[in-house]
Structure formats: C-alpha cells, structure tokens
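Before anything else, here is the set of structures, which you'll find just below.
In what comes next, chain A is part of two complexes: it sits with chain B in the first one and with chain C in the second one.
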Partner chain A sequence: MLYLDLTVTGLMTGVFYALMAIGLTLIFGILRVVNFAHGEFYMVGAYTYTLLSTALGVPVWLTLPAAVLVGAALGWVTERTLMRPLYAGYSSWGLMKDEYAIIVTFGLSLLLINLVDKVIGPYPYRGPELIDTARVHLGPVIADGHRLMATGLGVAVIAGVFAFMRFTVAGKQVQAVAQNRLGASLAGIDPGRVSAAVFAASGGLAAFAGGLLAPIINASPDVGVFTAVKSYVVVVLGGMGSVAGAVVAGLFLGVAESFGAVFISYGYRDTFGLVILILVLMFRPQGLFGEKGRSV
Partner chain B sequence: MGNSERRLRAEFHGSLVILALVAALPLVLTSVYWQGVVIVSLYYALQAMGWNLVTGYTGQMNLAPAAFAMVGAYGVGLLSHHWGISPWLGVPVGVAAAAGIGLVLGRIVLPLQGAYVALTTLSFAEILRLVIGNSYSVTRGDLGLNVPTVFDGRLPYYYLMLAVVVLVQIALYALMRSRMGLFLQAVRDDEVAAASRGVSIVWWKTLAFVVSSAICGLAGTLYAPFAGLISPELGLILNTGLVVSMVVIGGMGTMIGPIVGALLVYTAGEMLREVGDYHLIVFALLVIVFARFFRGGIWGLLQLGADRLPGRRETGAREG
Partner chain C sequence: MFKFKHLGMGAALAGAALALTGTAAAQDSGPVKIGAIFSQSPPGSVVQGTQVKAGLEIARDMLNEQGGILGRKVELVMEDGQGLPEKGRSAAEKLITRDGVVAITGEHQSSNVLAEIEVAKRYNIPYVNTNGWSDAIREKGYRQVFNPANYNTRVSQAMASVLADMDVDSVVTFAENTDYGIGQAELLGKYLAEKAPDIDFRYETLDRQSKDFMPAVLPLKANPPDVVVNILLPPAAYILMNQLYEQGVAPSATTWLYDGAGLADYPDFWDNVGEAGRTLLEFGLYHPAMSMPPLGEKVSEAYTERYGKEPNRLIFQAADSLFLLAEAMNRAGTTDADPVIETLQGIEYTGTRGTITFSDEPGYSFQQWLEVPFVTYQLTETGQPVSEAPLVQKAGQSLDPDLLVRPGD
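Right, the complex of A and B next:
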C-alpha cells in the first residue's frame, strides 16, 4: 500500500513539475536560451490567484484563468522587450547570446521578487481551494480534494499542449521554428511572432501551476526560486527542448522525491534533484529525450 | 604593445587609483557604520572580481559566487566552532574548500556549453544552502555559527580587506596579461575557433572556475571574523544577484568594473536604504537596462564619453 501511495503522491507532484518544465523547454526549443525568471512567473500566478480571490472576492473559477492571463502577458512583454535582441538585427551579439539572455532574465527574476516583496509584502499568503471536499477516496488511495482537482486540471492542460503541438497548424509552426528558424521563416512563418507566443504560453503555464498550487505552497516572494531549480533539473533530465522529455522527467522527479523523502531523508528531499542533475550531466548530458549537442 | 593590452593596463591603473582613494577614505570617513559599509563592499568586490574572471572574461555563466563565499565562511566557522581553531588558520582551509568544490563542479559541468553551467551552478547554490540550513548537528542550521573576531575595532578589518583586494587585483592583472588571459578570452569569444587553434578549452575553463571559486571563498573567510556570525543566508540567490548587478553595472570583462560596481552598488544601496528599502528593485532594473542597452557598464559609458571629447582621443589612445 505504501508503495502505491507514494507513487500516486509522487505523480501528483510530478504533474506540476511537468507543467513548469514544458514552458521552459518550449522556450529553449525556440530561442536556445533558458528563462531564469520562470519561477517568478509561477510566483506571480500564485499571487494573482490568491489576491484576486481573497482580497476582491472574485470566484476561483475566474481567478485561475486571470492568473494564466497575467502570466501570459508577462511572458509576452518579456519576449517583446528583452528577448528580441537575440534575433532581431543584433547579429554582432550572436556570440554573447547565452550571457545576455541569462543576465537579463536573472535580473528580471530579482526585479519581480523584490517588487512583490515591497509592494505586497514578504509574508506568505495562502490561496483559496478550488473545491471544498477535504478527502477523496480513490480505491485504496486517499487524496486531498483540491490537490486532486488541481492535478486533474494540470493533466488536462498537458494533454492540451500535446494535442496543440501535434494537430494544429500553429503547433506545427512552433515545431518548425524550433527545428530550423531560418527555414521556417523562408516557409512564411514569422519566427518573432512564434517566439512571443511561446513565451506567452510558457508564462501562462507557469502562472497556471502557481495558481493551482496556491493553497498548498503559501505564496511568498521567493516561492518560485526553488520551483525553478526543480524545473531546470527536469528540463536537463528530459533533454533540453523536448516536451515529452519534460513530462516524463517531471513525473520521474516527483516519484523519486516522494520515495526518497520516506526511505532516505525527509529533510533533504529537495536535494535529490541536484543529485539527479549531476548524474545526468556526467553520464547523459543530452538528457533522456534530447538530441546530442554540439561538442568541441 | 597591443590595443587590448593598453586597455587592460589603463583599467588596472584606474582600479588602483580607486583603491588608493578607498585607502585614504578613513581620514575623512570617521563613522564606524560607514567604514563597515565599505568593508562589506570590499567583500562584495572580491566576489565580483572572482565572478568577472569566470563569467566576464571566460564567458561561463556561474550563478554561485555567493555560495562559494558561504563555503569559505563556513570553512572558518566550522573549524572554530568544533575544534576552536583560529580564523587565521581557517582562511586557507576555507579557500581550499571553495576551490575543491569549484574543481569538482567545474569538471562535471564545464565540458558542456551555454545554459548548462548557469543551471547547474544555480541549482548547486540553492541546494548547498538548503543542506547547510538542514544539517543542524554540524552547522547549527539556520541559527548560524558564531565566529571569534580577530581584531579590535573596524580599521584593521578595513585595511586587511583592502590589502587582499589589491593583492587579488594585482594577481588577476598578471594573469590576464599572460597567455592564460588570451586563452580565456578566446574561449569566451568562440569556443569552436579556440579549440580548432589548439586551446584546450575545458582545461582553461576549469582553471578559471577554480580560481574564481577560490577568490569568492577567500572573500567569505575574511568576512566571517568581521561579521562574527555566519548563516546560510550568505549564499542566498539575492546575494549572487548583487554580485551580478555590481559587475554588469560596473562593466563586465574589465579589470575595473567589478571594483567600481561593488563600491557604487553597495554604498548606494546603503544610502537608498535610508529613504526606503527600494535599492534591490533599482539594481535589478539597472541590470536589465545595462544588459539591454549599455553592455559595457559604467566603465564602457565613460570610455564612450572620453572618446567623444574633442582632443581627448590622442591621450585616450596612449593611456587606454
């Protein structure tokens, strides 16, 4: 029973790791950069959901989409103002691309953390739950009602992302830009628009995860930092740029942490990710689903 | 003498002038509080110099300078807490610990490129902080460790920290003037081209990473006896953010940028603190604005201004 329980709990955590990692990996696929403010999009989502619901009394079924919209808007603005130089006519910067993207998104992360800290305050806020049901019995496993609902929504959205990438023209355009930016633009796809849309989607996904977890994580300004670290582990494990890899690796990390917390140490459960990250870098740097990178 | 060598020398001389001004500062700055502020800015200047070596000059995005300073500080703190060993003996141990961890981490991650280094160092920094905070029996966790002071009064710390900054700056200058400096910049500018010309890029990257970690560790070992109390907060990602903003604002990949940036950013932060606690917001904004529009930092802007002044071009060309 314990094993089943741990697996289910781990998978339920893993769904949120996957949600976070999909956004990161999509951005990496399109722009070959890592967004170091990704955890702060998650944080903003949690705050939007919580404050709109508790301070203004808006029903949760409206604040959740509102959180997604705010995250998407943030992602879109970030792309338009800070990421454009990566591809729009700043060719002499090509060699400094990674440095620029990391510094500027890291700066954005610090800015958002400190802004929230000053404007809203450093105290944690607990978000309202989506449904009142305290406990749900799923056969032998007992799950918290809100967590179950949140996980269900998360799974639905992940399925939606897969369907979008596979079956819609827009999704194929995203894949085309990820495979060959120049080639895609020759075929009439505007890589700039695709990049902005992907950044918006990524911000929306992170904010969605933040909103769903708001009753559990107690949003504070730096709540996204550790979540972001976990997403980096997941993205590297799954292979940078691979959406399927992000999902599999996210679920895997969730289960690994859930078992490790019981069988190894509860206090150090957040360190397992680093161990996994180091092992992946040493033995399979391209990740589970990634393509082998250029090597010198 | 080549153009880049001239520029390097001008930056180095400029930094010495600024450090000389800092040395004279206690003559007029008698406030113990503000002397303490300068000591802490010098602590950050050391980290900024270390970070600039591996990121500004070598192009490897290390997001753990504050974590290495924390390692150094805990080297001193743990030795004195468990065995009563003097902080003076703790300094080499702390530096060696930081360099050793830098070596292991560098060996793992530096063969890879781009964002991997940033991802791994950031994860490492956050998780090391968590481990120190959770290992109560060894480190006293979030309560922190008391470290015995080594001097009475502020000024000895002030001049010790300043002397170390000067020595490290001289060492970095010698290093950047040597072939190694060229190799590091070649790695930053184009790894593939550097490798094709026979530069063993992983070796040079690792060396830069180890030296940088050691400098950050050194900063921590000196900070510990001055502060008297160390805690895992030393390794907070916000402190790494401060180091990054100092170098980006001062001028990345220059000899003088980290020192100017650290002194300006930290003292300005303390001044802004009196009008309201908005300094971190301001610096984060400045990082974005500088990275986006003024990539050379303040030093780059000054050079640009100097080049545009009529009649200054000749002297500019001779001196820098």
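Right, the complex of A and C next:
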C-alpha cells in the first residue's frame, strides 16, 4: 500500500513540476534565456486565485482563468519591457547578451517578492478549494478532493500544450523559431511576436499551477522560490527546450523524491533531484530529451 | 609648501575631532538609540517580525510618554535580519558602527541570534534576545546577552511532562531543519526518556521552505503514532498540518496533534488550517486566562486599541525586551555598556509577563529568565480564538487528562 501511495503522490507532485517546467523550457527554447522570475509568476497566480476568491468573493471557477490571464499578462509585459531591449537591434541571435537576462529576471524576482510582501503582507493565505470534498478514497490511497481535481486539470493542460505544439500553425511557428530564429523570420514568422506569446504562455502556465495549488501551498511572498528551483532541475534533466522532456523529468522527479524520502532519508529529499541531475549531465549532458547541439 | 601641507592636515584633524566631539555631544543629548533587528522580508518569518515590531513600538511609545530613558527620547533603529544569519550579523555590525546604538534587541530567530551575539560580544554591546529559543545561545556564556524569552529546554521539559501525563505509547515529532527545530526535538527526546522511558519517540527534520510533506506523512498512515508533535513555524507548519489532516493521520480518533511552536496565536492560523486545527493541543506562552502584571495589561490594551485584535506572546516578549533595557539604563544612570550589563545581571524587574531575573548558572540557564510562564490549551472548535480555548494545563500545574477532547468526539 505504501508503494502505491508513494507512486500516486509522486506522480501528482510530478504533474505540477512538469506544468511549471514546460513554461520555463519553452522560454529557453525560444529565447535561450533562463527566466529566474518564473517562480514569482507562480506566486502571482496563487495570490490572484486566492485573493479574488476570498477578498472579492469571485467564484473559484472564474478565479482560476483569471489567475492564468494575470500570469500571462505579467509574462507578456516582462518580455516586452525587460527582455526585448536585450536583443533589440541585434540581427544575429548569437550577439544577444543573455547574461543580462539572468540579472534582469533575478531582479524582477526580488522585486515581485518584496512588492507582494509590502503590499499584501507577509501572512500566508490559503486558497479556497475547487471542490468541497476533504478526502477521496481511491482504494487504499487517500487524496484530497481538490488535489485530485487540480492534478486532473494539470494533466489536461499539459495534453493541450502538446496538441497545440503538434497540430496548430501557431505551435509550428513556435517550433520554427526555436529551431532557427533567423530562418523562421525569413519564412515570414515574426520572432518578436512569438517570443512575447511564449513568455505570456509561460507566465500563464506558472500562474495556473500556482492557482491550482493555492489551497495546498498557502500563498506567501516566497512561495515560488523553492518550486522554481525544482523547475530548473526538471528543465535541465529533461533537456533544455524540450517540452516532452520536461513532462517526463517532472514525473520522474516527483516519484523519485517520494520514494527516496521514505526509503533513504527525508532529510535528503531535495538532493535526489540534484544527484540525478549530476548523473544525467555526466552521461547525457544534453538531458533526457535534449538535442546534442544546435548550429545554424 | 611642506608647511602648508601640514597645516592642512592639522586643520583636517582638528575638524574631524570637532565633528566627533559634536557627534558625541549630540548622542548624549539626543535620543537613546536602540537597535532592533527582526525579519521584514522573506525567507525570515515576516509574520513574527511584524509582531515583534508592533511590541517594540508600543513599548517605545509608552516609554517616551513617561520621559524616555534618562530623560531622553527612545529611538528604535530598525534593521531587517531576513531570517538569514549573515544578514543579521551585518545588520548588527551596521547598527553598532554606523548608527551608534547602545543596545540591540528584537531578533526572533535562533540562527540569527547566534550570529548577532558574536557582533554584540565583539563590540561589548548589551543584547536582549527577544525570541531565540535555542539553548546554544545561552550555552555561549556571553555576558552581553540576556534572555527574557522562552528557551528550548523549558518547552521540551513542559511538553515531555504533558506527554507523560497523557499516557501515550508512541510519539513522532516533525521538526524544522533549524537550530531551533532540531535542538528542541533532541531535547524533547531527552526529557521524554527521563519522564516516560516507555514512550517510543522519534523525530524527523523537514525543510521549512518545502511545500510538500507527503513523503513524511504517508508512512504514518500504516502505523499511526499516538501523538504527532509539530516543531515547525508557519507557513511550513500550516502545510504540514493540512497534509496530516488530509491523509487522516492527525488529528484523528487514534492520534493527537500537539504543537510546540505556538502556532495558534498567529493571526493567520485559522485561515490557513481550517478543520485541520480542531482538537490541536497547544503549548502556550500567552493565554488571556493567565494572570498578568499591570504592565502586561497596559500593553495588551494598547495593542488591541492600535491593531483591533488580541495580542500574542511576541508582543509581550518584544515589549519586555525594550522595557528591560530602559529599566537597566535608568537604574545604571548611563547608557554605557558595562554598567548596563552589570545592572541587567542583578535586575529584578516586573515586566509584562512576570518578575524577570536572570540566572548566572552556566549552560542553557546562563542569563536566562528561568520561570517563563506557560500553559497548555486545546482548540476544541474550528475558528476558536485563543481566549476561548480551554486550558488543559494551567500555569504551574500538571495536565488534567480528563479535560482533553478526543479527536473525532
């Protein structure tokens, strides 16, 4: 029974790792930068969901899409105002000063944490649950009703992202820009618009995860910091820029942590991912699903 | 030219000397500056920091209304310790060397206190520990450091007594991975072994920044202990409580949940735990049913008037920290460190929570107020304010097991 419990719990955790990591890996695929404020998009989603419901009384099924919209808007504004100046004017992608992106997004992360701390306050807020069922018994496994619902929605959105990337023209445009920005622009695709859209989608996905988990994680100013660290591990593990890799690595990390915490030591739980990461980088540096090299 | 150079240097030195004399004169006649370090931003406990700030400000205002210290106004120079020892250390350094504070107080996280007292010792500045519970702070034996706050040994002894009186067989403790959490869990095991050697005790450390404790909770489902003890601070403690409740581990018909971190008097407690908090047993350093000196009543009234809610222990602890320093300076007739430290060593002062004296016994009791009052109460209803929670162990008495409400009743 414990094995089943751990597997189910690990997979549930993994779905949220994957949801967070997909947005991060999409940004890396398109812009070749790491967004260090990704955890704060998640935090903003958790607060939006919670405060709209508890302070303004908006129904939870409306606050969830509202959280996505706010996260997407934040992502879009970030790309337009902070990211775009970094590569504007450069005809070659290779000249982009991506080291500035690290500093800018890190600064944005600190700004958002402290802004929320001062404006909303330091106290954690627990979001309302999507369904009012405290415990659901699935055979020997007990799960919170909200957690089950959130996991189901998370899986649905991940499937939606795959379908979008594979079957829509816009998804193919994203892939084209990821493969060759200059080539894509010669084919009539506007890389700037795609970049902004991907940043918005990334912000929306992170905020969606934050909103879904708000009743479990209790929104607080630094709620995204730890989750973001896990997302970075998942992205590198899965292969930077690979959506499929992010999903597989997220689920794998969730289950590995779950079992490792019980059968090795809970104290080392957060190091398992890093150990796996080091092993993968030693024997498969491009990650599980990454490409060995990209050259144009 | 040579002479001019020397003249210039002499003038500069004279100017500097005048400026320093002027500063010293200004410090003697200006406000008495007391440094206050607490968490104003994450990852420190900003919730605690906010309460400490409120308590210090109330005490400052009350002191200033009564003439301040030695006839001079009290000024709090506040710094953000961020719950990070390196930040606390640099804050203490800045307060002493740049701001010229005559004493430091306010810190509420043990790891930070341990860093800051090194600076206080180096500069020989009185340091009043507001809420660092770790015994290691006392065991350093620094003459500059005074502890009117609670301490791990006190909590562990109290909790061990309560657990022994509950007549249980097994206890699992979850402690945060800090000096405070690990120290308290180890002491609880030690005192439980003395008071109730038959109780099967073990503890697990959890990362206070984590948002998922399921792997620690799930193994308890198959073999639930009689009591789960919490030694984590919010927000991690809230998440742990919700996950214990979600999995049906505790509180449940078979397992009590016992908190040693004072969660129930946090203003956001019920908003974050809901049903998971019902029947929680709580170690409490403040309960309105406890008898309190007149100064405590005044601080309580001032807090309620200013913030519109019930005070909690941190308000009184912070106020006592500042009142003690003020009293010592007034009695010593100076703000100079050595006379103030000597006065504090022999002080007998009735603050907000009782009459405070400091032990000179080495170890955990060094310069510690040993008789910090405590009670145990139980939250019998969801959303119940602390003032309405029944006491199951009154100050200075043993637990009355007949008063306990079984989870599931």
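By our rule, the second predicted complex is superposed on the first by the 280 of 296 C-alpha atoms of A that agree within 3 Å, B and C clash if a C-alpha of one lies under 4 Å from a C-alpha of the other, contacts with A are read in each partner's own complex, and residues count from 1 in each chain.
Criterion: a contact is a pair of C-beta atoms (placed from the backbone, for glycine too) under 8 Å apart; a residue touches a chain by one contact, two chains touch by 3 or more.
Note that the structure is a prediction, hence the values are computed from the model and not measured.
In the three-chain model built by superposing on chain A, chain B clashes with chain C. In the superposition on chain A, A:Y268 contacts chain B only, with no contact to chain C.
In the superposition on chain A, A:A67 contacts neither chain B nor chain C. With both structures placed on the common chain, the touch criterion links A:N218 to chain C but leaves chain B unconnected. In the superposition on chain A, A:V248 contacts neither chain B nor chain C. In the superposition on chain A, A:F226 makes contact with both chain B and chain C. Looking at the shared chain after the overlay, A:I103 reaches chain B, while chain C stays out of its contact range.
By the touch criterion stated above, A:A134 is placed in contact with chain C alone, chain B being left untouched. In the superposition on chain A, A:I278 makes contact with chain B only, while chain C stays out of contact range. By the document's definition of touching, of the two partners only chain B reaches A:F36; chain C does not. The single stretch of chain C with clashing C-alpha atoms against chain B, selected from 111-119, 147-155, 345-353 or 363-371, is 111-119.
Chain A residues in contact with chain B (one complex) as well as with chain C (other complex) are 113-114, 222, 225-226, 267, 270. Across the complex, chain A meets chain C through its residues 1-2, 5-6, 9, 13, 113-114, 117, 121-126, 134-135, 142-144, 147, 213, 216-218, 220-223, 225-227, 257-262, 266-267, 269-270. Here chain A touches chain B in the complex through residues 28, 32-34, 36, 81-82, 85, 95-96, 98-104, 106-111, 113-115, 118, 222, 225-226, 229, 232-233, 235-236, 240, 267-268, 270-271, 273-274, 277-278, 281-282, 285, 293-296, going by the rule given at the top.
Those residues of chain C that touch chain A in the shared complex are 41-43, 46-47, 49-50, 177, 204-207, 209-212, 214-216, 218-219, 221-222, 234-235, 238-239, 242, 245-248, 267-268, 271-275.
Within the complex formed with chain A, the residues of chain B that make contact are 55, 59, 61, 63, 108-109, 111-116, 118-120, 122-124, 126-127, 130-131, 134, 189-192, 195, 201, 237-238, 241, 244-245, 248, 277-278, 280-281, 283-285, 287-288, 291-292, 295.
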